[in-house]
Amino acid sequence: MEIYFFYMFAGGMILTSLLMITRANVIHAALLLVLTFFFLAGVFVLAGAEFLAAVQILLYAGGIMVLYLFSIMLMNVEVAVRMRQWHRQGVVVLVAAVLLGLEIWAVLGEVEFGAPKQWEWSLGATPGNVEALGAVLYTKFLFPFEVASILLLASMIGAIVLAKRTIER
Amino acid sequence: MPDEVEENSEQTNDAPDADEPAEAVKTPPGEDLKEVVESAFPGAVLEQSAYQDDEDEATFVVGLDSIVDVSTHLRDHGDTLFKLLTDLTAVHYPEAENPFEVLYQLYSIEHNRRLRLKVRIKEGQAMPTVSSVWSSADWMEREIYDLFGIEFEGHPDLRRILLPDNWGSHPMRKDYPLEGRGERIYTKPKRKEIGD
Amino acid sequence: MDMALEVAVAAIKIFIVVNVVQLVVAYMIYVERKVIAHAQLRLGPMRVGWHGLLQPIADGLKLFFKEDIIPDKADRVVFVLAPVMVLVPALVVYAVLPFSATFYITQINIGLFFVLAISSLGVFGVVMAGWASNSKYSLLGALRSAAQMLSYEIFLGFSVIGPLMLAGSLNLQEIVHAQRDVWFVFYQPLAFIVFFVAALAETNRVPFDLPEAETELVAGFHTEYSGMKFAFFFLAEYASMMVISTIGIVLFFGGWEGPDFIPLPGFVWYCLKLGAFMFVFIWLRATLPRYRYDQLMRVGWKFMFPLVMLNIFLTGFLKYLFL
Amino acid sequence: MVGVANTSRIEQQSTLHGTEELVINMGPQHPSTHGVLRVILKLDGETVNDLDCDIGYLHRGTEKIGENITYTMFIPYTDRLDYIAAPSNNLAWVTAVEKFFDWEIPMRAQYIRSMVGELSRIASHLLWLATHALDIGAMTVFLWCFREREMVLDLFETAFGGRLTVNAFRLGGLHEDVPDKFLQLTQEFIDIFPSRIDDYETLLTNNRIWLQRTRDVGIISAEDAMDLGLTGPIIRGSGVRWDLRRAKPYAAYPYLDFVVPVGENGDIYDRYLVRIEELRQSTRIIQQCLDQLPGGPVTCKTPRTIKPPEGEIYHSIENPKGEFGFYIVSDGTTTPYRVRIRPPSFINLGGLKKLCIGQLVADVVAIIGSIDIVLGECDR
């Protein structure tokens, strides 16, 4: 049963991401990206990481993507739609695609296919998901966690300074 | 009843009538104002009148060229301080030599006085704008332009204000027909941008 | 077989909850109209049924049969999807809300987090509606609302951390159980103030109803909507009011539990508390003027944000000392 | 004529790059433009960078009509100017025409004129408060104010038979004496009204949100107010103690005792306070009128046909919205040669641009509300 759900979510993810990169209308692309996040969250839930799933929706879909939309809406989408969408980068794209394909092939070669028995199919049953995450995050990985926070803080202050200069000018 | 009345107003400006009776018997209304104007611009007041010698109806006829200077002077001079342009309008006398009369109704809050300035102009003659003297003239001049067709030179934004842009005539003129199809004169919408 | 049964039971529960929610929402609108009317010396709806009791049904029918207008220059797909995107998250959240000790659709151990995550999606519908309408009022409303809802989501999220620290769980049932003796509102008054203000802002209620401030933006993001699509926005607004009230009740007022000396079923307690919350919402609407956009942001970032941070710090400190 | 929107200085420019200013059209069908006012706003985000008003949707050529009918026939037309406070307009017209003559208007008529004038001020200020509060989102005040406005309209009905367009006065006095019931009902109204004003103030005056929305918003200095020709409560809100009822008294105002309230900062809140105080002062004036009301006739002997001598006069009164005046040119016939209405709403609205630039779009609504315009008089 779960495997069907997995294929459903994974397939949806691939489909929506493909649609996303081919849309001329930026708003449509952004909305499709939100859908992609949803499917990703579904996969996370199947993998038993419902905290991660909720964070995925809360932060990426509910927070960051709204900000994206916010700034996109301020642009003149009609003008953007009429603009040229395909830039002459075919060669670069081809090279990148071949490289990516090779990488995927190499990774997939390592993985055993068949029943994924190491995955715990559990929906809300495991007790310690959130607790375990918190415990690990604040003990073993405290230093990287704090480093990441400071990095984000620095970038936020930088953004504010840049924006403020524009306003004052 | 009237005699029980007490004046508790903190109004600062009910005084000017006090020194009036002694001299007002002889001098026509607005004589002191005329002196203020004449001291700076001799001969600027072409005519002086007042309805029934009412102080509030004092009227000066001023020349087309001096109206802006006289207005500025009347606004700024300490004895007049006509800071409020109460009203700005026009009257059409089709038979007269100068068929349009443009009126400036001034009021001084400090001295509680009124004064009316008049400029008589010919058909097609443009008035200088006083919107640099009183900002309130902006819309009122637009209204005169709209309803009488008098142009104001130097006006920042002279467009029709009450009637649609493509209204072909000026209805407050006396020759504007009151009924019939004559009043419905259309012109194509003409985008006239003055000051561009 | 078991699974089929489970699915069937869940489906029945979902069916009940969704329908009851819609009916309750319809009558909440009725109650709001009545309460505001009486605050304003009017009678409110009086014509349909006894004291206008059937008014919500009549309104619903009217909205069903109204002509559905899609503006010419609108982005049709997004325009049609937007009301759905508003309503669905508002209803999905009901999946984890505990209405009583026994009546709920499901309980998951990240319940509260789930609620916050899903209700944060409502803003998409609003932004989509505003943009797809291709109208300047709608766009302004959507921009305002996106900024407002995003900002206040942060305060809402932080304000629930205090009670969470006391309860030690994200599971809504367990949070309720943790308040058997004392409601958290007494431990966490600061958090409750911030929560309540953020709740008003999240649900676009007076004094934070800027996204649909009718005297400035006509109707904000849903200016161009009519008929059933408009009804969806309406339903969603009131449904999320109920959600946020329920969260408030669960976090601060002991959920469905009442004092022991008054023997009332849990569901009745829940309804009473919900009614009280709703009444305050309506009461505020009848009393207060509207904040301005920049003032709203100032209230949020300069007043509520420090307050809620102080609350988290204090809670942690005191918990460390005494527990 | 129809179908073509008027050009505006402000037009939307579309570019892909760079900051774009949003041009929005507020009105003529907009809930808070108080009628058919169209305001074109150029916004940078939510800040107003430029503003242009498009008026004239309600232009009926009242001045032109005035040139072609007799002086008496014009009284009902004045009702339709500031229809929120119709008796005030009647008062302006009759006092203006009476300035041509040296009639002795009976004191009873003068007192009733003042009284009705103040009632119409109450009616107008109540409608202003109602809509102004509604614009800022306080919905309850709206209906509370309408409760009292309804009472005032009932009073008009008792006295003159009309509610909105009252046609209250005649040249030379009143058409006929007011019924005793009117005086009695007015007394009743005056008795309860101050407590109702307290009710409004409870909801607004010290309300933090109301203060935040109105304080330091739409500030206009006294000098600027005079420059823009603003009159009435707006200029008093800026601290100029000037009221035509005091400066150029008419009707029974020379014999009445009242205070002219002024503000300090000239912001929306001060205009609000000034108008609220004017409501109280109007109540006081009406009380004095009722107490001092003399007996006797209500109309003087007037000729059968009103033929003012040749000449021109300007006369204005303190309407609820500001200085409302008439400039009349008489050519000695029964119809005026020229009637010019000095419309306070029109001229006050001209100051809107100055008040709004640099403010937020939400403030534009509040500022329009605080100017208190009525388009019937603005467009004439």
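To keep things simple, chains are lettered A, B, C and D as they appear, and every chain counts its residues starting from 1.
Note that in this section contacts are C-beta pairs under 8 Å (C-beta built on N, C-alpha and C of every residue); 3 or more make two chains touch, one makes a residue touch a chain.
This one's a predicted model, so the numbers in the text were calculated from it and none came from an experiment.
Both chain A and chain D are touched by C. Inter-chain contacts peak for the pair B-D.
The geometric centre of chain C is 43 Å away from that of chain D, both derived from CA atoms.
Computed from the mean C-alpha positions, the centre of chain A lies at a distance of 28 Å from the centre of chain C. Averaged Cα coordinates give chain A a centre that lies 70 Å from the centre of chain B.
Separating the centre of chain B from that of chain D, both taken as means of CA atoms, is a distance of 22 Å. Partner chain D is touched in their complex by these residues of chain B: 1-2, 4-14, 51-52, 54, 56-57, 59, 83-87, 89, 91-92, 103, 105, 109, 112, 114, 116, 134-136, 138-140, 143, 147, 157, 159-167, 171-172, 176, 178, 184, 186, 189, 191, 193. Residues 22-25, 30-32, 46, 133-140, 142-144, 147, 203-204, 207, 209-210, 212-213, 360-363, 365 of chain D are the ones that touch chain C when the two sit in their complex. On the side of chain C, the complex with chain A involves touching residues 3, 75, 77-78, 106-110, 113-114, 116-118, 120-121, 123-124, 127-128, 130-131, 139, 142-143, 146-147, 150, 153, 170.
Those residues of chain A whose C-beta lies close enough to touch chain C in the complex are 1, 25, 27-28, 31, 34, 50-51, 54-55, 57-58, 61-63, 65-67, 69-70, 73-74, 123-124, 127, 129-130.
By the touch rule above, chain D contacts chain B in their complex via residues 1-2, 4, 6-7, 9, 55-56, 59, 61, 63-64, 68, 99, 107, 223, 226-231, 240-243, 246-248, 254-257, 259-260, 292, 294, 311-314, 316, 323, 325, 327, 329, 337-338, 340, 342, 346-347, 349-351, 354, 379-380.
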